[in-house]
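This is the structure, below, for whatever I ask next.
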Amino acid sequence: MDRERPIIGQVNALETPRFAGPTTFARIPSITEVPDYDVAVVGIPFDTGVSYRPGARFGPAAIRAGSKLLRPYNPELRVRPFLDQQVVDAGDIAVSPFNIVAALDAVTAGITRLISADRRVLVLGGDHTIALPVLRALHAVHGPIALVHFDAHLDTWDTYFGEPYTHGTPFRRAFEEGLLAPGAFHVGIRNSLYDAQDLVDDQGFGFTIVTSVQVGHEGAAAVGARLREAVGDRPVYVSVDIDVLDPAHAPGTGTPEAGGLTSRELLEILRGLAGTRLVGADIVEVAPAYDHAELTAVAAAAVGYELLSAFTAR
Amino acid sequence: MDRERPIIGQVNALETPRFAGPTTFARIPSITEVPDYDVAVVGIPFDTGVSYRPGARFGPAAIRAGSKLLRPYNPELRVRPFLDQQVVDAGDIAVSPFNIVAALDAVTAGITRLISADRRVLVLGGDHTIALPVLRALHAVHGPIALVHFDAHLDTWDTYFGEPYTHGTPFRRAFEEGLLAPGAFHVGIRNSLYDAQDLVDDQGFGFTIVTSVQVGHEGAAAVGARLREAVGDRPVYVSVDIDVLDPAHAPGTGTPEAGGLTSRELLEILRGLAGTRLVGADIVEVAPAYDHAELTAVAAAAVGYELLSAFTAR
Amino acid sequence: MDRERPIIGQVNALETPRFAGPTTFARIPSITEVPDYDVAVVGIPFDTGVSYRPGARFGPAAIRAGSKLLRPYNPELRVRPFLDQQVVDAGDIAVSPFNIVAALDAVTAGITRLISADRRVLVLGGDHTIALPVLRALHAVHGPIALVHFDAHLDTWDTYFGEPYTHGTPFRRAFEEGLLAPGAFHVGIRNSLYDAQDLVDDQGFGFTIVTSVQVGHEGAAAVGARLREAVGDRPVYVSVDIDVLDPAHAPGTGTPEAGGLTSRELLEILRGLAGTRLVGADIVEVAPAYDHAELTAVAAAAVGYELLSAFTAR
Amino acid sequence: MDRERPIIGQVNALETPRFAGPTTFARIPSITEVPDYDVAVVGIPFDTGVSYRPGARFGPAAIRAGSKLLRPYNPELRVRPFLDQQVVDAGDIAVSPFNIVAALDAVTAGITRLISADRRVLVLGGDHTIALPVLRALHAVHGPIALVHFDAHLDTWDTYFGEPYTHGTPFRRAFEEGLLAPGAFHVGIRNSLYDAQDLVDDQGFGFTIVTSVQVGHEGAAAVGARLREAVGDRPVYVSVDIDVLDPAHAPGTGTPEAGGLTSRELLEILRGLAGTRLVGADIVEVAPAYDHAELTAVAAAAVGYELLSAFTAR
Amino acid sequence: MDRERPIIGQVNALETPRFAGPTTFARIPSITEVPDYDVAVVGIPFDTGVSYRPGARFGPAAIRAGSKLLRPYNPELRVRPFLDQQVVDAGDIAVSPFNIVAALDAVTAGITRLISADRRVLVLGGDHTIALPVLRALHAVHGPIALVHFDAHLDTWDTYFGEPYTHGTPFRRAFEEGLLAPGAFHVGIRNSLYDAQDLVDDQGFGFTIVTSVQVGHEGAAAVGARLREAVGDRPVYVSVDIDVLDPAHAPGTGTPEAGGLTSRELLEILRGLAGTRLVGADIVEVAPAYDHAELTAVAAAAVGYELLSAFTAR
Amino acid sequence: MDRERPIIGQVNALETPRFAGPTTFARIPSITEVPDYDVAVVGIPFDTGVSYRPGARFGPAAIRAGSKLLRPYNPELRVRPFLDQQVVDAGDIAVSPFNIVAALDAVTAGITRLISADRRVLVLGGDHTIALPVLRALHAVHGPIALVHFDAHLDTWDTYFGEPYTHGTPFRRAFEEGLLAPGAFHVGIRNSLYDAQDLVDDQGFGFTIVTSVQVGHEGAAAVGARLREAVGDRPVYVSVDIDVLDPAHAPGTGTPEAGGLTSRELLEILRGLAGTRLVGADIVEVAPAYDHAELTAVAAAAVGYELLSAFTAR
């Protein structure tokens, strides 16, 4: 960093108890306090694209609450995600729950205001529908994006109940709209599909699948290395549907699937992405009404921490 | 009843355990088994009109699960709601969660298929948005409807985020569409409003308010008698938002308000409506993700039992 | 009290934190420490007589945990239930969950060992089946017993699935066996029955019913006075099925019914029984797997406190 | 109000969803945005004075989350608590959980900075220990304070485990320090005490007790009127231990007692205090780890709304 | 498949929301709609054989609710379990909770009606006691059965409290009755036993043990292959006690043991059994009162999916 | 063992149901029944040293409740921890929650009374602060102690909010006081630190770190072997902060960190310590208010079982 202004990091937890004080992500400054930043953390409390259990509209608040235990130094990557770069909490992009298309446009507009060639964004969802308008905004700045997608589900289906914009379809739409660079990855896929054709379609959109079982066989470090090599020097977007974790690790989500990753595996894979050209990331599908003891929120916050560390590490 | 066919009631709980067997409401027959009926119980798993906590899409399943303890004889009203009339479970009206207007039309169509001059319907919601399309269908059969509305909230607001069809607006729309007979009632209203004008508007739509505090002062029996007298011999629709109950009695709902009715009060008021010309009823806003030990579902099922008893008692 | 031995009461909560120390009821001494007593509190962890949700086998442990906040002085009755008489915790009567008839015999034997003309017993259930063997033991000492029964349900049904000894049948069996004095009471009855004949049968067994709605109309103090007058000077057994409370006050139970008593009403009625010739009492149907935040256990412990105070008050 | 500056109220919930946006109480402005105010809402996340279940350190965050549904207009009192006066959220007073005496001093200092002859404060606890340092600060401005104390417990005990400053002792200390005007009230007291002497001591400190049972007998409106008359024109402090509510209405608290008030009763009594010379108030002992579905938090937020309305109503 | 009738699979989840519609397993047809089938899924809501936490009587309903997300195509095995064979939901076998021996006979009779040389059954328990009567029925059709038993516990104990038929004894009884082919397996065994003799006895009944720790060391794929080889071409019964999973993955069970399998391991092992001569299977000991967010139910449903896939794969 | 007195083990669970009977750890005898022992299990219900979620004061009761399923024989180590040595439950050391320093002294005194050269202790916490006074007592008997510390956190920080004795600082204090032998280990460390200096400091105190990720890479058996070799023949203290487990395995704790150990890994590592010269151990930071279905308590009890087995195995 060669800035002149001092970086403002987190409230000091050795002086101010974590159960007091600001409710921003990791107790970092608000964008209203520090308008000049490298990375903005922003919530998108929207869940109208959900096909089963709703509730991810309360996800941003839950992830922020779960982030209070995050500390300044990441010993695995040897970076200080809140001190080696200026991170701010940009609050929420408020969108209507009653109109999906209008909501997507509002998200694109909101993200566009936050990003630039140098400014990156960590999105707290919300359901997975929002990955599409975020990718639209990023594509306008960076061109085609290398997508690394962590999920139990492909999310490249065509329509649900005739609707094209849902939490099961964002990446098919993104492909169709030319937002994706070739060579996208799904990591953590498992269990049942609608049809064998789903895999054919998905491959046609350029995706490579690393199943949850394969993560267990290969090991998280190897998967992380493979992803890092695959994305190369292209602009990367990492989209983390929290249901990539096993429901034991993330009960608070809308479409749970047994047989998922452990949080240790996911965090280790994400560390493998440090050093890539990460331009944005999201953590979606945290539905706190189904969470217990902030289990899911704490895991999601840890995911956010590694993603912010990956931003730093470049 | 002067029918010739035998009435088919509930599975006998003294012979078949309640934790076994059918999952219909109160273990009554399905409409596929008994297509000729007096009253249909039907689920509308829709919650896209919700402005705060979603989840009422799982309400019909929850209320059915909570109804397993209902028994054949109502000693307060001395009727047998499942034996003095033929009640069937008509399953769910499946509607898309992604398009409110289309959903409302599908509900009207679905209810229209179930009702007639002699056939009545008990609707298990779903959020309160669905009262509007149900009233549309009932109005087509019966003309203007006398509404008795149990709720913590007026639900006569104009729009939310610019949208006219939401769970906070059905009765303003119903008034505007001419669906309501003069002299509707809100029972259980309490706590804060958006503006003093809300009350002026509401009065303009012809509503009388009995607040939760007034129920405590007057007593449930007196309120029931007052409602019975007010509706007279007009066709009546009873709409029960489960949040009319105090959150202690109904935690599993989307917009909880302290200071509500007890379930004993609500059930006693409903018994007061026995003998009126009830043409339809709903129980809405049961959101089981926020319920505990089926508390809300059991209360909602008991409400359904008194409503079905009221159908019988005429 | 004109005893010579000192009464040993509770561990002092102003010196020893309630989250430390013994796990006996209200932290009173164990029967192994103080074998000479006036009243024994005894658990019967049995729930095989349950027809819907099981789990009352964990009831005694839950009620003891919920009793840690009970203090020495009862200001409403101006008695000290643990100091004006010697109360001990007699532990549990261990019975097999696999054989109902053998379990009932073991309960009768266990209670018989604890009681005498001067020694009384407060039973922590377990399901309501156990009231029958307790009444058998008490009848052997005191002759016919005046029963005051708090419950949502009559519990005078004949059989379930052909079995005569269940949690829905103890008081019919007790009547048939001649254990009951004339003039028993049910308090808190509500909602649906199997048949109008249930009420005829129940009346034939000599029961008077005070419904939950009637408690609301008459007031708890009046109901308490009426019960006290009715039992007169006969030996009294008070049986409290915790489901007499509304599920809001007692979610942790097996057959919840909306429209029940508040805990304030129940405690006030029970205070009305102080001064009667109480020879035994039970608190049954606490199923902690369905409880939340010890809500039900705390209410059950408060019921136990008033019952022990009533023992003292004579 | 004859101010010149415009009042800034809540974020408009008809435009911005309540699950988005600021996390201040009722979505009012922060003190950093609006430094000139009539009433400050301030959190004191401290629970080291708790003798049983800890967790009230998370109370301020929980009450704020539960306050999102509060709307601008109070129809019972016909006031607009956020528009007829300037209310701000002053954040939390951060105090160490490891040293009670130091924490109390920090609270007094923090409250002193917020209040003046014209500026009042609504405190969100935290445990009841904090009422003492708040009263110290208020006494310095207003002299002896008329206390209206809602609680299941007297909180006038002397010491716990030898310590004088705990959540069971604040009002004895306040009396000893001369902070209280004669004629304080406890409302909602119930169940067991340590000794008959507790009542003698308490009376000696000038308290009148209205038990929970008495509230049921007299009615909430009458109790409210009696309190209003008793406090007359003296400066009033209202201290609401949320355990004054029955555990059914407020499970999320540290020392639950069955037989409490309903939330409807409490809110109606509080409305009776509108028009008195209220100089400060608190809501304490909300322990969200034991809450369910924000039941307790929603009730506490409604209490805060009536208290803020009472500030307005003068 | 060389049938002439068309296979009827699941309700289409891309058209009908999963929160609407039938409550059969995976939304397949009921046996009343499609009486001719290859595999019947049947519930046995019985839990009177439980020695610790009861509640598995609600297991079948919970597993069916948890199965709503299952989709038609299994990409790991490349089969369509609901389309490559006709699967139906046969409802529940209703048995009395009050008499174990009578219940076992009713189960044998009920299973016998469902199975034949060509018709197989997937049983949803209920507690593990029911494996014995299911094996009796299968043995009558197929002769000695090769048992593959997934569990934390051996379930080859002799008696509990003197009773021979409990959830801890079915496989000792099965051995004694000659129902088992030589070479049965326990997989997932862990933690403490009653005595070293337990292992000697168990070996005497012909069992091989693969402990949970061994699964971790060998890997799930290797264990699956080993089981497949061991069972060879004999008729196989797979019995899955859900407590084979770690309590993190399956909290909703009656006798939890730390240190269990992950759901990913269990599903991978089960896939190894595809291609064997599977004649029946069960999933038992799901106790939903202890579940959270359908965690256990979703895992159990996924287990059912792999078992149905294994039926198909032959 | 060459004692003359018979060992008294657990209540027999094949005769007395586990939901009945004593509430001691694993239903072993109380120290009041068997005052001569080899190992005492003792609770320290203290949590005032907690910096985030309190509640570990209820830990000892929770772990005892979770230990009811432990059986006599450990097949992995081939020992009988309750029969090869005399283990007793010594109840709780009652300490004030209001004064940390006084509490620490009371703990040291209480532990000193229980231990000797031959008598060892298994401590059930309580928060991690208590490890310091336990080490003080052990050091007085055995001299410098080889510490094996399982935790997500280093717990060698200096102060929190200026206080030296907290749950984040015990091992720095222990080092400073000379209580530790060289070569202590932290196992399970993960995620964020306050500063890179934390690691420098920690190394300066002589600690070796085995991170959670390293446990996954090396395997639990190898880590166990490495620890066993490192401690050699010195007196060993094993301190298990339950948050060493992933929150999926131990939600009921105060400072959860994603990415932790599985319970299977932890138990396997602990088995590796059998045969060392174990002089004491603790299990801390179980906060049951955040637990679900006794998940955390059952894991903690299993940890206790392996520690008691390790005591035996020497």
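The chains carry the letters A, B, C, D, E and F, assigned in the order they are written, with residues numbered from 1 in each.
Basically, a contact is a pair of C-beta atoms (placed from the backbone, for glycine too) under 8 Å apart; a residue touches a chain by one contact, two chains touch by 3 or more.
Everything numeric here is computed off the predicted structure, so don't read it as measured data.
Looking at chain D and chain E, the chains that touch each of them are A, B, C, F. The minimum number of touch steps separating chain C from chain F is 1. Between E-F and C-E, more C-beta contact pairs join the chains of E-F.
Centroid distances built from C-alpha atoms place A farthest away from chain C. For this pair, chain B with chain E, the centres built from the Cα atoms lie 40 Å apart.
One inter-chain figure worth recording: chain A and chain C are separated by 55 Å, centre to centre, where each centre is the mean of the chain's CA atoms. Averaged Cα coordinates give chain A a centre that lies 37 Å from the centre of chain F. Residue positions of chain E touching 2 or more other chains: 17, 19, 51, 57-58, 96-97, 160-161, 246, 248-249, 262, 290, 292. Taken as a contact graph, the chains fit none of the simple arrangements: neither line, ring, star nor complete graph.
Of all possible chain pairs, those that touch are A-B, A-D, A-E, A-F, B-C, B-D, B-E, C-D, C-E, C-F, D-F, E-F. Chain D contributes residues 51-52, 157, 159-161, 190-196, 198-199, 211-213, 216-217, 246-249, 251-252, 255-260, 262, 290-292 to its touches with chain C in the complex. Note for the complex: chain F touches chain C at residues 16-17, 19-23, 43, 45, 57-58, 60-61, 65, 91-97.
Here chain E touches chain A in the complex through residues 13-15, 17-19, 68-76, 78, 220-221, 246, 248-249, 262-264, 267-268, 292-295, 298-299, 301-303, 305, going by the rule given at the top.
Note for the complex: chain F touches chain D at residues 47-51, 53-55, 57-58, 96-100, 160-163, 166, 289-290.
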